[in-house]
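I'd like to ask you about the structure that follows.
Labels run A, B and C following the written order; every chain starts at residue 1.
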Amino acid sequence: MIEIRNLSRRFGPVTAVDDVSLTIAKGEMVALVGTSGSGKTTLLRMINRLVEPTSGAVLLNGQDTAGLPAHLLRRRIGYAIQGHGLFPHYSVARNIAAVPELLGWPAAQIRERVDELLTLFGMPPADFRDRRPAALSGGQQQRVGVARALAARPEVLLMDEPFGALDPVTRAQAQADLRRIQRQLGTTTILVTHDMEEALALGDRIAVMDRGRLVQCADPATILTRPATDFVARLTGRSDRPFRLLGLLPVADLVEPGEAEGAPVDPELSAREALAECLWSGRSALPLAGGGRVTLDRLTERARGAE
Amino acid sequence: MRIDRPGLVLAALGAAAMPLPFMQFRANRIVAGEAMAMPVWAIAAACVLLAIGAFRLPQVWRLGAAAVGIGLLIWLVGDMATGLDAPPAARASPGSGLWLLLGVFALLLADAITKMRPGLRMQTAILILACAAMAIVLVSGHLADVSVMREYAARSDIFASHARRHLLLAFGSLTAALAVGVPLGIWLHRERTARPSVMGTLNLVQTLPSLALFGMMIPLLSWVAASVPGAAALGIAGIGFAPALIALFLYSLLPVVGNTVVGLDGASPEAREAGRGMGMTPWQVLSRVSIPLALPVIVAAVRIVLVQNIGLAVIAGLIGGGGFGTFVFQGLAQNAADLILLGAIPTVVMALVAGIALDLVVKALQR
Amino acid sequence: MIRLLAGAAVLVMLLRPEWMEPLLAPLTRNGAPAIYTQSSLLGLTLLHLALVAAATLASALVAVALAVLVTRRAGAEFRPLARTITQVGQTLPPVAVLALAVPMLGFGTWPTLLALFLYGMLPIFENALTALSGLPPPVAEAARAMGYTPRQRLLKIELPLALPVILAGVRLSAVIALSTAAIGSTVAARTLGEVIIAGLVTNNPAFVVQGGLLVGLIAILLSDALTVLERRVSPYGSSGTRA
């Protein structure tokens, strides 16, 4: 559990982060969103003390982090960034092993952990262990970067635009992988992004920052339906809002008994995709593969934010 | 007032230099000398100037302190040498303390100038001002009784011809290298397959120690002079000017060819593509787009070559090629420090001025 | 292949100098000796190499230490001055530095060694400074965020990544030192330059060629060996891909 208490950071006359308080539960994934210069990265970097706070405190499992030596604190916190920052002179395995090595894990245990992580990220250890980062694709480098951040089973994972450098297809895959692995490991995660779509896809809660202040922190549906300020509303995109809201919902949640014309759709799809299918095929209801149907009326009703 | 730590280190170095002999006086140029110390008032003045450099004052102050310090030292040397009223054979030469103090003030000057971040025009003005100051000091005759200048007075006729010879070696080899190297670079820019062998060979030449290359030119050119009709009439001979010029030319090729290739390769592909797209012929693309874009890199090669050749031309003195090296090696052979300085100081000054001036040209071209 | 030939040629010239006689004899005049025998070529070569090795090693240690110092936060203030000294220093001709060392330090091997050491620091320092400051920001950031101590960052990340560039500086420095040391024979340092200068003084091209070839070949072999070493330590693998 992370507790951020009245945290502020000033750089000369500029207040980058202004009196932010936020508590993140164990196993939760919080997406930190805002425009550039909103202070989200500074806030993130104060958690592992890459930036020292001007005032306020960060508590990790109830313990004030200011009292710990910074490098020891950082070994307990995973950190993944855009452009991955892999060490070019280390093999993939040594990169992943970096923090466990700093912590003095036995070699056999490190090796086992490296293979476990590579497998988890869909990279066969035999093929990837000994490669240099330069010999990997961008998506693979990014996965190794995240694997490295998770290597020492950190209590917290911090990510700063981790997928910013990836193309849209690779990015969607990386987001899905992250969601799956984060659920599986239960690592408390804070993710900085400027992409609302990414925040909605990944965050259990979304924290919106504007000019150094935390303006709203709530679950995705609340952010979309009840934005606390005009800034939040603009960030969620007025023209995209109904579709994003539907995007949060599996179509199975909207199923009702009955029949419908045409080919059945997968209940795993989001309501957004079901709406698109209705519009594209000109149908007013779709049959679901498991039985039952979803109607266009029900979809549009939900898109307005009604329960 | 806050301390400037690099300035403090320089000041400490300067203070350490003060007890060292400021000048050496010798009855003639061979015998061992007796040390002369700096006058007390000058020590006090130098301490004040160094102290100004050691604080975080406006850089103009530090610059002024350094300039005044250098002026003070030079005036003092001339004054002390003249004041001795020594016989013509006697030598009053600069001592280690003077050299070290001069070095300290020069570094302080450079540090202050760097931190002032002067624009190109200002830098050019400073360079011209410094050269003018040097010229005035030399022409004024204030230093006439200092050993190096006495050495100069005894050789003023051949000094000028050796200076011309030195410049001719440095600039002549540069011109030849540009005439051959730039076309060669353009060719290699197009013929990638020929690169490894040509660049490898030039690299090899660059690696050869200067003494070896200069030396090897002698038998080679003797053979040419003896066996090619008319070669000897052109002044080609085993020793002298020709082998030195050719050796310098060979050393110059790698920087010129290498930078031409790098410069042309680096010329933006979009710009070249646009040139082609608007109907330029390959020659027009080269002359109107690629070469102008590559120019700063090629001029950077001119800087490297000129500075390098001004230094290497000294070796010509060993094989009868003339230049300042003649004084240096004569001085080394006779254990005459002043004669060595007569050759080495102009070489160093020429190299520094050429380096700084061409750096400015490169910067101006990059704008 | 060329390396092997060069190596073999050096060995022949050092161990069996008399084999060169038929090649060098046509260069001599008036029955002058074709082979330098005043002292052993092997001995001179070893002295020459020892001089270069000592100077370059000392330069490398001091220059890298200084570069590390001025790239730490505490030494950052000295960086502009260090840069200025390096840039100005590299404009000074090594021959002139050697010549100037004599009035200050006297004749012989020690002044040569000191001049080589001082001059040799410049390219190494410059390269080390460039390499240590050129660490990609994400890599530096990652190391800090992962809990490397400053010392671990330097030893495990910064120096290994900078090593090839530092070695390139060492190679440059060694080649300059080899060349300048040869000229050091004019100030009575014991090096292979002695053979060339003996040839120049007695007007005997055979000596000049003998010494010149030997120094030239050794320079090429040395530079080559250091280039190979540079590739070996490249962080991007030994397969030959270079930064």
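Just so it is clear, a contact is a pair of C-beta atoms (placed from the backbone, for glycine too) under 8 Å apart; a residue touches a chain by one contact, two chains touch by 3 or more.
The structure presented is a predicted model; accordingly, all values stated were derived computationally and were not measured.
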Set of chains adjacent to chain A and to chain C: none
Interface ranked first by C-beta contact pairs: B-C
Greatest separation from chain C - chain, by CA centre: A
Chain at the geometric heart of the assembly (C-alpha centres): C
Whole-Å gap separating chain A and chain C, where each centre is the average of the chain's CA atoms: 53
Centre-to-centre distance between chain C and chain B (centres being mean Cα positions), rounded to whole Å: 21
Length of the line joining the C-alpha centres of chain A and chain B, rounded to whole Å: 60
Chain C residues within the chain B interface of the complex: 27, 77-78, 80-81, 83-85, 88, 91-96, 99-100, 102-104, 107, 175, 178-179, 182-183, 186-187, 193, 196-197, 199-200, 205, 208-209, 211-213, 215-216, 219-220, 223
Contact footprint of chain A on chain C as seen in their complex: 136, 138-149, 152, 157, 160-161, 235-237, 241
Chain B to chain C touching residues, read off their complex: 4-6, 9-10, 96, 99, 107, 110-111, 114-115, 204, 207-213, 215-216, 218-219, 222, 238, 307-308, 310-312, 314-315, 318-319, 325, 328-329, 331-333, 335, 337, 340-341, 343-344, 347-348, 351-352, 355-356
Partner chain C, residues of chain A touching it in the complex: 48, 50, 70-77, 79, 81-89, 98-99, 102, 132, 134-135, 145, 148, 158
